[in-house]
Each structure stands twice: as C-alpha cells, then as structure tokens.
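When the chains are written out, they are named A, B, C, D, E and F in that same order, and each has its own residue count from 1.
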Amino acid sequence: MEHSPVTTNPLIIMMINMTVVFIVLVVLMYLIKLIHFIDPTKEKPKPAQVEEEEPLVAVKSEPAPAPAPIIEEGISPEIIAAISAAIAAYGFSGQVKAVHIVNHESTPWRSSAKFNTLRRK
Amino acid sequence: MEHSPVTTNPLIIMMINMTVVFIVLVVLMYLIKLIHFIDPTKEKPKPAQVEEEEPLVAVKSEPAPAPAPIIEEGISPEIIAAISAAIAAYGFSGQVKAVHIVNHESTPWRSSAKFNTLRRK
Amino acid sequence: MEHSPVTTNPLIIMMINMTVVFIVLVVLMYLIKLIHFIDPTKEKPKPAQVEEEEPLVAVKSEPAPAPAPIIEEGISPEIIAAISAAIAAYGFSGQVKAVHIVNHESTPWRSSAKFNTLRRK
Amino acid sequence: MEALNAFTVSLQAVWNDSGFSSFTVGNGIMILVGLLLLYMAFVKEFEPLLLGPIAFGCILANFPNTGFFGEEMNVMKAINFGITNEIFPPLIFLGIGAMTDFSPLLARPSTLLLGAAAQVGVFVALGGAMIVGFDVHEAAAIGIIGGADGPTSIYLSTKLAPHLLGAIAVAAYSYMSLVPLIQPPIMKMMTTQAEREIVMKELRPVTKFERVVFPIVSTIFISLLLPPIAALLGCLMLGNLFRESGVTDRLSDTAQNALINIVTIFLGLGTGMTMSAEGFLRADTLLIIALGLVAFMGGTAGGLIFGKIMCKMTGGAINPLIGSAGVSAVPMAARVSQLVGMKAKPGNYLLMHAMGPNVAGVIGTAVAAGTMLAMLK
Amino acid sequence: MEALNAFTVSLQAVWNDSGFSSFTVGNGIMILVGLLLLYMAFVKEFEPLLLGPIAFGCILANFPNTGFFGEEMNVMKAINFGITNEIFPPLIFLGIGAMTDFSPLLARPSTLLLGAAAQVGVFVALGGAMIVGFDVHEAAAIGIIGGADGPTSIYLSTKLAPHLLGAIAVAAYSYMSLVPLIQPPIMKMMTTQAEREIVMKELRPVTKFERVVFPIVSTIFISLLLPPIAALLGCLMLGNLFRESGVTDRLSDTAQNALINIVTIFLGLGTGMTMSAEGFLRADTLLIIALGLVAFMGGTAGGLIFGKIMCKMTGGAINPLIGSAGVSAVPMAARVSQLVGMKAKPGNYLLMHAMGPNVAGVIGTAVAAGTMLAMLK
Amino acid sequence: MEALNAFTVSLQAVWNDSGFSSFTVGNGIMILVGLLLLYMAFVKEFEPLLLGPIAFGCILANFPNTGFFGEEMNVMKAINFGITNEIFPPLIFLGIGAMTDFSPLLARPSTLLLGAAAQVGVFVALGGAMIVGFDVHEAAAIGIIGGADGPTSIYLSTKLAPHLLGAIAVAAYSYMSLVPLIQPPIMKMMTTQAEREIVMKELRPVTKFERVVFPIVSTIFISLLLPPIAALLGCLMLGNLFRESGVTDRLSDTAQNALINIVTIFLGLGTGMTMSAEGFLRADTLLIIALGLVAFMGGTAGGLIFGKIMCKMTGGAINPLIGSAGVSAVPMAARVSQLVGMKAKPGNYLLMHAMGPNVAGVIGTAVAAGTMLAMLK
C-alpha cells in the first residue's frame, strides 16, 4: 500500500499527522474513562474524606494509632504504597514506612540514574 | 514416507495404535527393570525391615532418638526426603522435618496451583 | 579470497604462522604498555615501598593496626582484593579477610573444579 | 482550500488502510474468542502461561492489514516460522525434562502401563473423529488432545493438521486446566470405596545411576522405534539429563527458566496467530472441543480400568485412583488422585504414587504421537 | 631460499587481506565516531545499555574485509537480519511493557493529551526536515527522534529510511540521555513561578481490573486504527499484561530480564553495524542531529503549552511542568519534572503525576509512528 | 480377518519406517561413542557443559529416519544452521568475555609472549597433520586443538574442515579436561626444582581505565590485521566491555548466564549432530586424537620453554611454570601451574601470575586461527 502523499506542503503534513495523533489519544482517554466507569471492582466513593483534616505537621505522629490502610480487592500492594506515599507526601498520614513510587524506580533497566528524594524516614 | 493407511476402519486403527503404545511402554518397563537389575550402585536388600514395626500413632514421637537416615551413595537428598516422607506418611518414623515430595511441587512453572497437604509439622 | 598456499612445506607454513602470531602478540604487548603509559588515572609510583619490610611470619599479626588499603579511584574491589591477596600471600600484611582471586574462581561456569588453596583464614 | 482537501483525503486514507475498513464479522467474533480465552487464562487461571499468549495471539491475528502474514519478514512471521517448523515444542520439552523427576516411575515401573492405558482416550477420540467425518490425519491430531500434553499436541497438529492447530491447542490447554473438574466424578463412579481406601506401600529409593541411565536408554529405544518423535523425546530426555547429571546445573537452570519462558511466549503467540476466522469459526471446532472432552474422559477411564486390573493382579497393592493420573497433565492429575484418595480415607497420600503414571503419561502421549506419525506420515 | 621467499609472500598476503590494506579515511573517522560514542556511553553514561553496543557495532562495521556483509551467513549477518526485518524492536517493547506501570495514566487519563501534545516535536522536526530538503519518508524517520523512544525510532527508520538508521538511533538515544540538560531551561522559560509551585491532588487508586483491561482495549483500538504498529504496540501491551495479570510472573520476569537483555545486545550491535562511512559521514547527519534537538525541544514545548492549557482549564489543578514529561524518555523526563517542581517549591513531588504523561508519551510516539506509516507506506 | 491383516501390515509398516530397520553397524558404533562421551562428560566430568550436549547430539544424529537432515526445517536443522554458519561460537565468546578478567595480563603484559609461545603446539600439530597426509585446511583445523579453546576450534573447523568438526571438538574438549593429567609430567621434566621454586613479585594494581581501554584497542588492532576473526574477537571483547564498563551489568549478567547457557546447549547439540558414522569412524579420527595430544603437549612445552627464556632474561623474576598456562584451557591450566608450583615449594601461589598467560592464550589461539584463515581461506 504505497501511497503518494496527498500534499508536499510540510505544514499541512504536520497538521494532518498531529490531528490524527490527538484523535487517537483522545479516544483512548475516553476508553480509559469507560473502563473505569464499567469497572465492577471499583470502590464506591466515600461521603466524607477524612484524609484532608490532618495537618502537615502530623507526618511524624507515629505513636497515634493510624488506621490500617483500606485495601480494595484487586489492588496491588504497589498501588497502595504509591497512594499512601502521595498522601504522606502532602502531610496527611504518619503511617507509611517505605514506598516504591513507580516500578521504573526499582528496575535495574534504569539503575544508572537514581532518585531517592521520595524515600522518606 | 507418505503412506496410505492400511485400513479406514476407525476401530482397527484404534486397536493397532493402542497395541503399539502398549508394546513400547511394556518394553520400556522391562528396560527400567533391567537398569535397576544391573545398577552397580544399588543397596543390597536388608534382611529385617525395621520400619514396618512401628505403629501409626508413633508419628509424633519425636523424643525417641530416631536413627539417622541411611544415605546411599548416589542418592540425592530429594529422593531421601521423598522416601522419608513416604515412611512418615504411613506412620513409621518421627524424624522427618521438611519434605519436597516431587520437584513439580516447588517449580515456579506450576506455582498457580499449590498443595501443601503433604507438608507436615 | 581463496588463496593457493605459497608453499606446501609443513615446516615453512609452521614458521610463517608462528611468526605472525608472535608479531601480533608482541604488538599487543606494547599496546598494553602504551595504555598504561597514557593512563590518566594511574597512581604515581611511591618513593618508599613499605610492604617489603614486614617478615613472612607476620601474616597472623592481626592485633597490629594494619593500614587501610589505598583505594585508587577506578579500581574495582575485586582488583584490590586480588592485590591484597598477593601481598598477603607473600607475608606482608595481616589484614586481608576474604579474597576472590579471579572471577573464574567464582563463576558457576567452571564450578565443577574448585580450588580453595588461596582462601585464607 | 488545498490544506482542507489534503486533510480530508489523508484522514480518509488512514481510515481506508486501517483495520476498521477491512474488519469482518469473523474478525470480530475471533477477537471476542480471544477475549474469552484471556478471561479463562487470567481470571479462571486455565494454564495462563500458555493460554494467555495464545489468546493474545488470536486477537493480534484478527486485526486486518497488519501484514503479519504478508511477503515481508517481520517479528510475527518469524515466530510463525518457529511454529510451522516444529521448532518450539522440542525446546519446551527441554525445559519440561529439566523440571521432571522420573524417580516415582523408576521406583515402580509398572506404572508405565497406566501411562499407556490412559492413551486409550487418544484413540477413542481418534475413532470418534473419524466417525463424525474428519479424515484420519485430522482425527489423529484431534485425538492427541486426550494426551493432555500441550507441546506434543502442538507438535502433532502442525505435522498432521495445521489448519486445526488453534482449536486443538486451545482444547488441550483448557481441558488440562479442567482436570480437577473432569476427573473426580469419573473416578468416584468407576472405583469402589474399598479400592479408593487402599494405602500403597512406600516407593523404594532410586539411585542416581537409574535416574541418569533411564533418559539415555529410553531415548535410544523410543527414538529408534519411532523416529518421528526423536526430536521431541530427545529434548525431553536431554533436559532431564541436565537435571540428573549433577554437573550441568547451569544448563538445567536455563532450560527450565529463561529458555522455556522465552519459547513459551513465542509458542503461545504463534499458536494463537494461527487462529483465523476461517479456520476456527466452523462447526468442526465445536466437534473438536466435544471430542477433546471425550478423549479426556476416555483417558481417565482407561487409566482407572487398568488401575483396577493392576489392583486385582497385585492383590490390592495398587490403588486404582492413581490410574487416572496416567493422562499426564503433570502434576495436576496426580494431585487429583491424591485429593480423591484423601476424601475416601484421610491420610491416604497418593501424590507420590500418582506421579509415576503421571510422568509415564508424558512418555505415553509422545509414543502415541510417534505411533500415529509413523503410520500416517 | 624457498623458505624466505614463502615467508615474505605469506606475510605480504596476510597484510594484503588485512583490514589495514583496505582501510579508508572514512573507516578511520567512523571508528573515531564509535570511540566517541563509547565514551558517551560508558563515561558519560548516555544510555549505556544501547549506546554501548551501538558504538561497538559501529567500530566493528568499519573494519574492512570482515565479510560481515557478504554473501555467506555469519553471526553479524544474522543480527542484521533481525534489524532489517524489524524483529528486535517489538521484542524490546515486550520487556518494556513488562516494566511499565500504567497506573498513573489510568488514574488521570487526561494526561494522555500531554502525551499527544508532546508529539508536536515529531512533526515540527518532520516539517523542518522537509524544508531543508529531506524527502517525506526521511523526514518522518528523522522527526520520530522527537518521540524520545529508541525502539520506535529504530522500527520506523528501518521501514522508512534504513540508510539513516544509525544517525537516527544515535541521535535518539543521545538526546534521551540529555533530557536533564535540554528540558529544564525550556521549562523555566515557558512556565511562571506560580505555575511551577502548583501542588497536584493525589492520584486515585487504580484497580487491577483497570490495569488488566487497559492494555487489551488499547491494543484492539490502536491496532485496528493503525495496523502498521500492531506488532510494536501489541508486544508492549502483551508484556504489560504479563506484568499485571498476576498469574504470569515467570513470563514477565523473563521478558524484562533475559529476553530484553539478549535482544538489546543484538539491537544495539545491529544498529551500530549499519553505520558505514558512506551513510554516516555526510552533512545530512549533522542536519539530523540538529533536527533531533529541534524535535526534542519542540516536544518539550508542546507538552508544556498543553500543560498550561490544562492548568487553565482545570482551574489550576494541573502543574504544567508535567507536560514536558510527555516526550516519554521514561522515566528520565518525569524525574526532570519533579526536579524542576522541587526547585520551585521544596516538597512539591511531581514524579508520580508526571509518570502519566511519561507513559502516555510512549503510546503517543507509537501512534505518531503508526500515523506516518499509514500515510506514507 | 481384515482387522488381523491390517494389524500385521501396520505393525510391519511401523517397523519398516523405524530406525531399527535402517540401523547400520556404523550407527551402533557411533551410539556407543556417544555413550562413551556421555560417560566422560557426566561421570569423569570432562567439560560436561559442552561434552554432554555433544555426546547426546552424537546419539541423536545416529538414529535413522529422523529426518533431522532432510529437506524440511525442524529444530535440529535450525540448530545445525547456527553451527554451519558460525553463529554460535561468537555468542559463546560474548559470555566468556563477560567472565574474563584481563587484569593479570594487563599488570604484566609480557605474559602475552607466553600466550604466543604456547601456540607452537597448534603449528606443530598442523605440520604433523600435513606430514601424515591431511591437506593444509584439515591440518590447520586439527592443529587448533592445541589452542585448548573450544569455541575457536569449532569456529575454525566449520570454516576450514567441516567434515572433521565432531572429532576436533571432541578432542579439544577432552584434552582441555585432561590438562591436569597431561601437563604436570611435562612441566616437571622441563623445569628444574630451582625454577619451580621461584616466587614471583606481586602484580601491580590495574586501573579501570586500562581494563576498559584494553578490549577496545585490542579489538581494533587485531580485527584490522586479521579480519576473519573480527566476529569472534569482537564478541569476546564486547562481552569484556560489558563486564568492565561498570554501567552495563545487566548485559554482562545475561551474556554470562542465560545467553551463554542457551547457546552452549545449541552449540553442543549441533556439534554432536555432525558426528555421522561416515565422518567419524575413520582412521583419520584416531590420527586427529593423536595429533591433538601432540598439539597439547607441544603447546605446553612451547609455553614452558619461553617461560624459561623469560626467566633467564628477567634474572629469575618469572617462574617458568606459568608458561604452560599459555595453552589457555582457562582456568584449568593456571591451576595446574599453581599446583605444580605449590608442590615444589609450599606457599608458592602462582595462580594469579598464571592467569596472565592463561587469558593471553585465549587471544593467542584466536590470533593463530585468524592467521591460518588469512593464509588459507
């Protein structure tokens, strides 16, 4: 299927291609939203979001008995850790011990460049 | 070597094939017996088989000083463990600590389905 | 590039080949010396070589506070260990704990034949 | 205006060359089949290591215009080359050999007979397939499903009936996963409570000599008698030698890890990619699936019947429940024997005893495949 | 005398057939180029896993009389076969998929738009390349450098402009390593201090259902729309399925270790071996390197601009700094977003948020490649 | 009656197509040879990693009617493709390079001369082979046995005398394992007690710079001078670079584990499968084995003589016992030097010093192979 391009104007070629890329990724975005919408395993949204109440300084308050993390079925520990880290990062919890934010962080593939800024305590 | 089958009768084809399979595996059975027969490393059969004396209830009798397992040269620890397990399973020894019955049990290949019924103590 | 050999005299063929091998490896020897010569990371030779003073019997003299090994940048720990071992082997130091002389020693590739003569203490 | 025109024409061109424009109902159904297989593989955990890649390959194969099957070489075509030339199944067997412990079989060689008897399912299905109209080559490939041995099924199918490869592979791996559902009712029906309660005598120790000599001798004997499976059986036994020799652990380790995993990905993907709509969406496929079930049940029954015979002949020393393990499906079928035995009499550990017929079933199925190839090829 | 004569003639023959006698200035320069690349790879640590083998391959390719490119098959020719037939890039993507966590993208799917916007660099470079005189196929292959995605660049180049493969691969991997130098100035220039200080809301949890369904759905949708990248995207998503299914850890492990490492060695060596003096030592190569930089900067800017738009539209919920991560260069670009964010406001952890556009950029570049292939091939 | 008739005919057909019906005395003897090699590999532990697969391949190759060497592609034919096109030896060398530490050689570069001197065995055997009637190509391939380097022997044999591959590979790997028996008597005979007691000065430290630059420089120099071994030597040195660069541990690890193990299985099997009765059961094979022994002994003597010369020239700084390690057979020959040294004077640790000539011998043999290829090919 060898085509002769419909135009030789670089600008038009750029616009066409860019448009197709955007269309594809926008559709993909809606597909992800659809997956989330139909997800039979997702947690129902909770009425009161407790996390937003604790102040930033409470990060170190380990003596206080922190509630066990709510573990949904089907969510991997990494995700939980990541979420906990996000919460911790903004000062809402004193309970997270160690965090692997994303798996690329720990794969040897990229081991030459390491950031440890997110590892806490 | 493309043959035209000698018969189109399914029943006869079945019988022929089944017969060949049986012949092959029967010969293989005798080959295994032959291997065992000529095995220069095999232990001579002992006159008195002590294991058959202890009753089933003795499985938990750990305080009694159990004899060290007789280790033949050329027998891998797995086999010894397997044998010990067999003995233990039928109540003749109180000495086995941990058992890998067959290697499939521990390979990751089949890790999705795990039985631990044979692990004791 | 199929040649007819210039001679069929085995002796001459032997001499020619051997000469080429020697020429190549001699040049390679000088290349290694050149690499060492231009090496921007190499340590300057020290005026006094302390190591040659201690007697052989001092190998076991651990109580004496041995100096920390001089670690050049760019030298792997294995090399240091190897060097330390060499020194230790001739009795000049009481400080080496464990040595991997060459990596073949520890690769599984050759694990069937193991020498432990160089492992000390 | 030129811009807008070019724009429309270009989008049109992308659409025209896309898979959507050439998409057939068949493609759609096959993608649904692929999704169903993915569900079976990943949610129901039916042999996910193989059925996962097979399912994904099935989906990939049904995207139009990908050029996977065109003139030009590409990664999918290279994988297909390994399928159509039977390169992958022997390499899988190399790893399986390195994972297999033949000791229970060597300790009680009579269990080879159970591994032979369980092949009756193969030939029952072969006969059944011929009766419902498949030709003898197709029937042989279908029958092998009853062998409960994935690589052997794929090997035989590519040689005798490549157009049925997808259906046969899917049936073989699915039923292997269903062994814990298919076998127990048959086992209970065909054995008496007294038989199920039989406690077997412990296995004798097996020497390293036996474990090393067995793969060599069996390779020589079987390969000489049935040359068409020399590659398959040779690789199985070479892998086993790597395991048992005691001096080639490196090779054993790689055979049962990196190598088998890489080949498994390719074997699965390549097998799935043979699943075109024309080949798969036919009444034949349903027949194959039905015949596969017959084969599995036949093999189970065959093993049990022979188990009962051996039980009689040995004066009750053999628990017939280990017979059903002769279908192979290692080690699932052996576990089923154990489970049913434990239900009849708690503490009746049959697993080790069932491993004999279980690994014998692998050899038995390879021999059955060799027999059929020798007669038909 | 015969001896001495034979001696002289033989030495002369060895010299005549040696590489020295056929050595060209071009070979010499290319070996120097290879040495420079080795220096970049091993001392400057520019993607050493790929650039190391590429550099070594470049050196090997410039030894005369090795017969690597002759009639007879040999190991280097076999590796070259895997390059020219696009066999290696999909296998690399299988491993990358097994290493990739799409959760941040699934938690905030709007970041896909940033992954799309960052592809503007690809097309800016495409346009630029056409303007400076490359034909449209070459221009597309050059543009893809801006995608910051090695395997995709190699895949597209082999399909559209194989003679430029070496220069494009080198540019792509070099700039990927230079992301921490190239991006920060642009990021600081294009964003305000207030924007950089924006703290983003934590990501919602993502279920296993989402993580398993996403690779399947995206494979189906994108492969149907853009069949030319079905192999590449299919392998990426199959690898991701191995990772996420929870029941195929063996395959995931091998895909991201033994398999990807083996293929990386071959891909690098094979790519380097396309770097002949005639192909590389041209003004075009400098143009390609310049255009590659334009592409990277364009992509960074595109992502940032769209980040600013999203920031506005969400009332300040999106920190525009995560936009630059849309160029992919996983996970380097996301780390750059984090670093610049932390400099603006200590404690402003953007890494996780930037991983969304970052992995979206991988998909975006594959889609851009597919689009260009659909239009041009 | 039809049934019984069909039954008989079928059994007859199976038998006729079986290997038994076409079995020759030659096959039988070769299978015995294979069994003997298996015994040597697994019981006597003669290089079991290579000799095991070679032996098994030899057995497989001598089953008639397997179709391994027919028109149709199959796994064994695919493996054979990798042998006949010299694809496997360079990949083995990639792993060996990743396992090799050149530091002892870099610390004392004069030991390269010992690695050169030990090649005298190669050329002695070459001359001997020509004298007993082999043509010069065959003689070169036979001579390389003296290099004590399996992959190089296989590489050269496939290029110059593929019909002798099996015998040469078996001889090379067998003698490598016999180094601890072959060398010590020669070493004791050719050295004085005083020489054996020489304690060598410790090696100087080697910098990372040297370890990284050496493989690059030696690849360039040797490949330019001897292009026929560019693939072999390039792979050896690339593997070494993976090891020494410090930033490619992933690749180094895979090269010396998964990759080398997979290729070892294939190389061994494929080499063994060239061992047909016609090719192997000839008086030539006995000659080759005898010449191989001559080569080994010649190499040992050559290394020792040069060691004595160096001992003299350095005023007793070099223990001549390290000369015999120049035959390579890494690290066995170096251990033999150490053992003999320790017997002469307890505490005289020569291992590290002998590693220099030992790894030099690998390079020396590759150079010898390159020289012969340059002159003869």
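Operating definition for what follows: a residue touches a chain if its C-beta (ideal position, glycine included) is under 8 Å from a C-beta of that chain, and two chains touch if they have at least 3 such contacts.
Small disclaimer: the values here were computed from a predicted structure and weren't measured.
Following the contact convention of this document, E, F is the list of chains adjacent to both chain C and chain D. Two chain pairs, A-D and E-F, are weighed by contacting C-beta pairs, with E-F ahead. Residues touching across the chain D and chain F pair largely diverge in numbering: under half of the numbers involved belong to both copies.
Superposition of chain D on chain E using C-alpha atoms only gives a rotation of 120 degrees, nearest 5. Computed centre separation for the pair chain B/chain D is 23 angstrom, with centres defined by C-alpha atoms.
Averaging C-alpha coordinates per chain places the centre of chain A 53 Å away from that of chain F.
Mean C-alpha position of chain B lies 40 Å from that of chain F. The multi-chain contact residues of chain E, meaning those touching 2 or more other chains, are 10, 13-14, 17, 45, 48-49, 65, 225-226, 246-247, 250, 257-258, 371, 375. Across the assembly, chain A contributes 1, 3, 11, 16, 20, 109, 112 as residues in contact with two or more other chains. Across the interface of their complex, chain C is touched by residues 45, 48-49, 99-101, 103-106, 109-110, 112-113, 115-117, 119-120, 122-124, 126-128, 130-131, 136, 139, 199, 202-203, 205-210, 213-214, 217-218, 221-222, 225-226, 246, 256, 260, 330-332, 335, 338, 342, 347, 349, 351-352, 355, 360, 363-364, 367-368, 371-372, 375-377 of chain F. Those residues of chain D that touch chain F in the complex are listed here as 81, 85-88, 90-91, 94, 212, 216, 219-220, 223-228, 230-231, 234-235, 238, 241-242, 245-248, 250-251, 253-255, 257-259, 371, 374-375. Within the complex formed with chain D, the chain A residues making contact are 1, 3, 6-7, 9, 11-12, 15-16, 19-20. Those residues of chain D that touch chain A in the shared complex are 2-3, 5-7, 9-11, 13-14, 17, 65. Interface of chain B with chain D (complex): residues 1-3, 5, 8, 10-11, 13-14, 16-18, 20-22, 24-33, 35-36, 39-43, 72, 74-76, 78-80, 82-83, 85-87, 89-90, 101-105, 107, 109-110, 112-113, 115, 117-118.
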